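As written, the chain order gives the labels A, B, C and D, with residue 1 at the start of each chain.
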Amino acid sequence: MLKEISSYAERLKVELLDFMEEYIYPAEKEVEEYLENPENRWTIPPIIEELKQKAKSQGLWNLFYADDNYGKGLTNYEYAYLCEIMGRSLIAPEIFNCNAPDTGNMEVLIKYGNEEQKQEWLTPLLEGEIRSIFSMTEPTIASSDATNIQTEIIRVGNEYVINGKKWWSTGAIDPRCKIAIVMGKTDPSAEPHKQQSMILVPMDTPGIEIKRPLKVFGYDHAPTGHAEVHYNNVRVPISNLLLGEGRGFEIAQGRLGPGRIHHAMRGIGQAERALDLLIDRAEEREAFGSKLIDKDVIRVQIAESRLEIEQARLLTLSTAHKIDQYGAKAARKEIAMIKIAVPRVALNVIDRAIEVHGGGGVSQDFPLAEHYAHARTLRIVDGPDQVHIRDIAKLEIRERRKNKSIKL
Amino acid sequence: MLKEISSYAERLKVELLDFMEEYIYPAEKEVEEYLENPENRWTIPPIIEELKQKAKSQGLWNLFYADDNYGKGLTNYEYAYLCEIMGRSLIAPEIFNCNAPDTGNMEVLIKYGNEEQKQEWLTPLLEGEIRSIFSMTEPTIASSDATNIQTEIIRVGNEYVINGKKWWSTGAIDPRCKIAIVMGKTDPSAEPHKQQSMILVPMDTPGIEIKRPLKVFGYDHAPTGHAEVHYNNVRVPISNLLLGEGRGFEIAQGRLGPGRIHHAMRGIGQAERALDLLIDRAEEREAFGSKLIDKDVIRVQIAESRLEIEQARLLTLSTAHKIDQYGAKAARKEIAMIKIAVPRVALNVIDRAIEVHGGGGVSQDFPLAEHYAHARTLRIVDGPDQVHIRDIAKLEIRERRKNKSIKL
Amino acid sequence: MLKEISSYAERLKVELLDFMEEYIYPAEKEVEEYLENPENRWTIPPIIEELKQKAKSQGLWNLFYADDNYGKGLTNYEYAYLCEIMGRSLIAPEIFNCNAPDTGNMEVLIKYGNEEQKQEWLTPLLEGEIRSIFSMTEPTIASSDATNIQTEIIRVGNEYVINGKKWWSTGAIDPRCKIAIVMGKTDPSAEPHKQQSMILVPMDTPGIEIKRPLKVFGYDHAPTGHAEVHYNNVRVPISNLLLGEGRGFEIAQGRLGPGRIHHAMRGIGQAERALDLLIDRAEEREAFGSKLIDKDVIRVQIAESRLEIEQARLLTLSTAHKIDQYGAKAARKEIAMIKIAVPRVALNVIDRAIEVHGGGGVSQDFPLAEHYAHARTLRIVDGPDQVHIRDIAKLEIRERRKNKSIKL
Amino acid sequence: MLKEISSYAERLKVELLDFMEEYIYPAEKEVEEYLENPENRWTIPPIIEELKQKAKSQGLWNLFYADDNYGKGLTNYEYAYLCEIMGRSLIAPEIFNCNAPDTGNMEVLIKYGNEEQKQEWLTPLLEGEIRSIFSMTEPTIASSDATNIQTEIIRVGNEYVINGKKWWSTGAIDPRCKIAIVMGKTDPSAEPHKQQSMILVPMDTPGIEIKRPLKVFGYDHAPTGHAEVHYNNVRVPISNLLLGEGRGFEIAQGRLGPGRIHHAMRGIGQAERALDLLIDRAEEREAFGSKLIDKDVIRVQIAESRLEIEQARLLTLSTAHKIDQYGAKAARKEIAMIKIAVPRVALNVIDRAIEVHGGGGVSQDFPLAEHYAHARTLRIVDGPDQVHIRDIAKLEIRERRKNKSIKL
């Protein structure tokens, strides 16, 4: 470890590893089987709520927030190590109340919510009693350029009236989901980055229509799911606005930094698990006269995977530390970098593990194909690679211009 | 076209393109919607059988077999062009009675079946009245090394008794599936490549247990599906054996050549469709001040896709022609090459198209994610890349040793 | 072979292979040793002129030109096979009078020269008595965009006065070099593609200054060399202009098609030789208990090399055939494609061979490092990849727009 | 910086950056021009010795050794930052007395030399008065497997008699080179890793034959050079043996760790310089209507370069820190990893910079092609990638076996 973590964080790490071994991995099949039953499909597997209580009672709860009022006072750097561990299982983050988009939404409420908003929505979210969605992406535009957004949030008297179509609103179908943060335009005539606002919309408000579940590859991700949600003349009081009109971009920016660390470290966790599975499988199987593990071509895959994972992890940890030291804005380039680097690595490693598992690799017998679909989607969420590559290059060129004194 | 195709093949090509436009693409959504209804899930969408009749009546039927008794007398080279067109849609091959594994199974029956076997199973397969499975891969071994296979086919009196567990038996759940070709060992004490035999097993034989449907990246591919099938003391008359005891490898080899051409050309078709979708999407969407189609990074993706597709197509066509000229055995190296090259290209192009489609790309709104899952699986079917790479290298080294006179 | 070549071409191929074995490969070391002597550095190794005579007397001469007045009447497709063979050795093309830039320059003279120009320069070039340069690229601009070119060709009375700085004028230092084709602007106020002209400039014209030899990865490529050439008030009669004022672009375009086939097929030849060397070396060396040739990781490299070479060759042959059938303009996209595809493949294969040769691979003991430097340069000559990628994408998008009727 | 460096190291870093700007970069052309003169080719450019004195007097000297008797008391982690800076110029390391193979040889003498050996050879090396070679690799075997080594070191009375052929003895032609460390077999009948010994051989000992200079691509790297050296009955006193008979492997292992950090960080320096050059060039040139720097495809290259460099640097720094904490043996896997990762990155970035520089990129006008040749060679020095990939995989599998308790 280039930089040590506190003994408290170290202890949490050990406890988390134990919890994963003892409860999470064994629960995966139970959850899957529960959900395979068509009657249960969009309901919550009881084991999930049980394990949430257990995790909460052990203090493995709300670890994500770098502050000790709401979280556990861990730095982003320290939490990164924990996040990697949780990332090894798709069911884990929720159990520790550290799952997206709830963490991001809690962060928005902590930073930009007023007391009333906090009390009504933040408290039950921190308790894991309700869930939330972040309704930003739209189906008919390139949402990576947020100025394209077409949803309207129009003030009419003491209310805002919301009209628009959103999709990829993860969690909207979950019966526990109670609140949406919706991004839309309050003033399409303002300058491009001042047109947008964010507003709180309770899920039981009339006019919210859960249009359909979206699939990711063939997965519907029940019971959380990803929904297309239409807002048809949805009315909420003006007090539901976050921060102020025209400040939607500001909130979106503020929401991003730590969230990207979380996504990235979970990606590292997935890659590590895939590598473990790859090795285990290669130890078991034999072909053409020797065990797979003794074949050089398999060893190349193991070594290349380790090379990729290690570098991506260091980049993410280093970015987390930079956020801790100088804030997310100073780490903009690094944050864009991990957004690109980690899903690539995860996809590469998982793909190699799939290959070694043969038919098993693409099937439901291993978590590989589902993890692959998840990691592939991460490349798209929050904008495709190209958007971040533009940002990295812009910042890089700017730095070189500053140091241009260096003659070569 | 480096080598022209006959005017008959050219005409079929035009008719096929028209059929795709007029019937196949529009039917895709209908099939999907039909199957979305849980009650229909494992039943046959009526449109499929309708279109089969239409295709048959137009002579677009059994085009795959390079002989004019059973097929249409097209060479492998000529059929390759048609196969690419069918490959653009996952529902198409069946409609023209050109879908795997039925084509391979028909080929086995034509080449190795006796008259009785042909009459009972080949005729209804050629008519598209029944479907069939090829039961070879097993869940507990590395099936890429076929000497690992553990299913037993033991002669007891006038019967063979079959015991074993197979998976990835594509089509086994399809209600129209009537016959299995099963590979197993008749003599585990024989030399490694003489232990195996293939046998015909009617699907209604007692002891056949359809254990469960397998998923491919979340897709169950209903109503065809991929099943784990257990053979528990399944008894069939000795006349059901194909070719003779110990000749299973020989049949497996004979089955492979043209089938790989088919898989490869369908992969090219998928890649072409993905490239069309990529361009169309980029024409529609705008971000950061210009249309996607006018951005250089998108153009790079288009050009690289064309580069990859064109080369892989030429390799496949050239292999098909070599089979036509010298037989599949002489084209062993080339056949192994297309097995590796084409799915890679298809995956690359589809992946680029997914990225340009953003969230839509991984969803059910476009065929991209499902095609990706399909192409990924093709890398595993008939053995992972490594197996074919070994073969290519072996043949390559052998050729160099022959020409070693060349001083460098 | 997807398309057969004539028996005449087939015979030339056999003769060429024999000539390479018997004369060219053995001469490589002799040439190298001759040039290692500092006194000989920029003089012609006698063996080169001897072998030229031998090749000429055997009819292995001027094979490149697809016409039987000047060449041997081979199609571009047929010549491609021969070109690959010559490409295996850097000293070979000159010996058969098929080396760049002379072939391109001869083509320019054949197509665009008048009788006088032909008699004075084409005849001795066809006889291999003199050599020539093509002076186009300039050191201070991005020459890939030819509208940037700054050399002036100004008419003054009955003369043109040429001023400008060129570099990468391959062959300028060769004592046999007698004539330059120079590109420059006759009218900077004309529309962008009508400003340029090409003109013949005898190398003994006053004002031509051979500034310095350029190196390619440390190689000076003596005695041919690549020179920076300054044209300082160089005066030639107006009859030296080719085709007419403002037609430089037209000539440049016309010069390109077949030349790219030649470069590409020579690249394939280099790749094939590298693969032969790789295999031969791996047969000889042993490490960690077995021969390199028996290690799977080496076999992967062999197989991947074969995969890449085969596809790139087919692409090039197919492009050559398209030029034969429809002319270079119709094959624009394909010509751009081989420009990108082949050097990549050559570099990949040579790089693998270097790795297998260890220290020997980067040294003068094998032709690998020099071939690498050569293939790397080919990626830059006639414009870097990005320029061609733009063209491919533009043509691809145009085709899709035409076929947009296809519903997906 | 994930882990801070001492204020002393920070100060050295600033001084080194200044020294590079003020003296090193401007001296590059002078050195090149001096050596271009054939009379000077194998002599030392006076500016080199001048700058050595200047660096020494400023305390920028022997920074490499992690100990304050011989070096400056910097940790490997701290020195890594300095090493990167020196790596930006091929002439720099020598000027700070931090160049290979002298650093490694000094380390061997410090760790394994006796007092007499130290006084005679270590002192002048530390003073920069003499230079040394490391004679290990042999031309006729795969030297990556050191058990293949064939040089004999046979005891005869009070002398060892050395016979063998070595190559890639960097520095052997340098007139200042006075001492060789030679590896050979003292006992070919011992167990494989006890057969080897290392011995000190003064360069003026009779029987040492500098056979020829080797080239790297086309570079001879005069005046240092890489030589093929034959040892023909070379006799030295038995006191010249290092550590003891049969302990050659032990010394070779001990020599490696920090040296790999040095190579790696210099590679990072080369990559950074290439990226600077790429950006600077793209700022200057224009094509097809806009500056290169404003083209998205160039920006992709900048961003991808930054992504690769940053990750490889973090991996190397983290490895250096692990060596500081736990020693080189504990960091074996990481040391193997940087050996592979960094040259790849350097090659990728330099190659992109070459492409942006067009013809200039492969020429002597920029350091890019020479740096490329250097980085390519680094992939081979100390064994090709495959050797290190084997080691990484072995250690990785071993770790997984230990943690196998983790159920997935």
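Simple rule for what comes next: a residue touches a chain if its C-beta (ideal position, glycine included) is under 8 Å from a C-beta of that chain, and two chains touch if they have at least 3 such contacts.
Keep in mind the model is a prediction, meaning the values are calculated, not measured.
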item: Maximum centroid distance from subunit C, chain identifier (CA atoms); value: A
item: A-C or B-C, whichever has more C-beta pairs in contact; value: B-C
item: Gap in Å, rounded to a whole number, between the CA centres of subunit B and subunit A; value: 37
item: Where subunit A and subunit C are represented by their mean Cα positions, the distance between them in whole Å; value: 52
item: Centre-of-Cα separation between subunit C and subunit B, whole angstrom; value: 43
item: Interface hub residues of subunit B, defined as touching at least two other chains; value: 295-297, 300, 386, 389-390
item: Residue ranges of subunit A touching subunit C (in the complex, touch as defined); value: 295-297, 300
item: Interfacial residue positions of subunit A with respect to subunit B in the complex; value: 38, 137, 139, 141-145, 148, 167-168, 214-220, 285-288, 292, 295, 297, 354-356, 358-364, 369-370, 372-373, 376-377, 379-381, 384-387, 389-390
item: Complex contacts: residues of subunit C adjacent to subunit B; value: 2-3, 21, 25-26, 273, 275-277, 279-280, 293, 296, 298-300, 302-304, 306-307, 310-312, 314-315, 317-318, 321, 333-334, 337, 340-341, 367, 386, 388-390, 392-394, 396-397, 400, 404-408
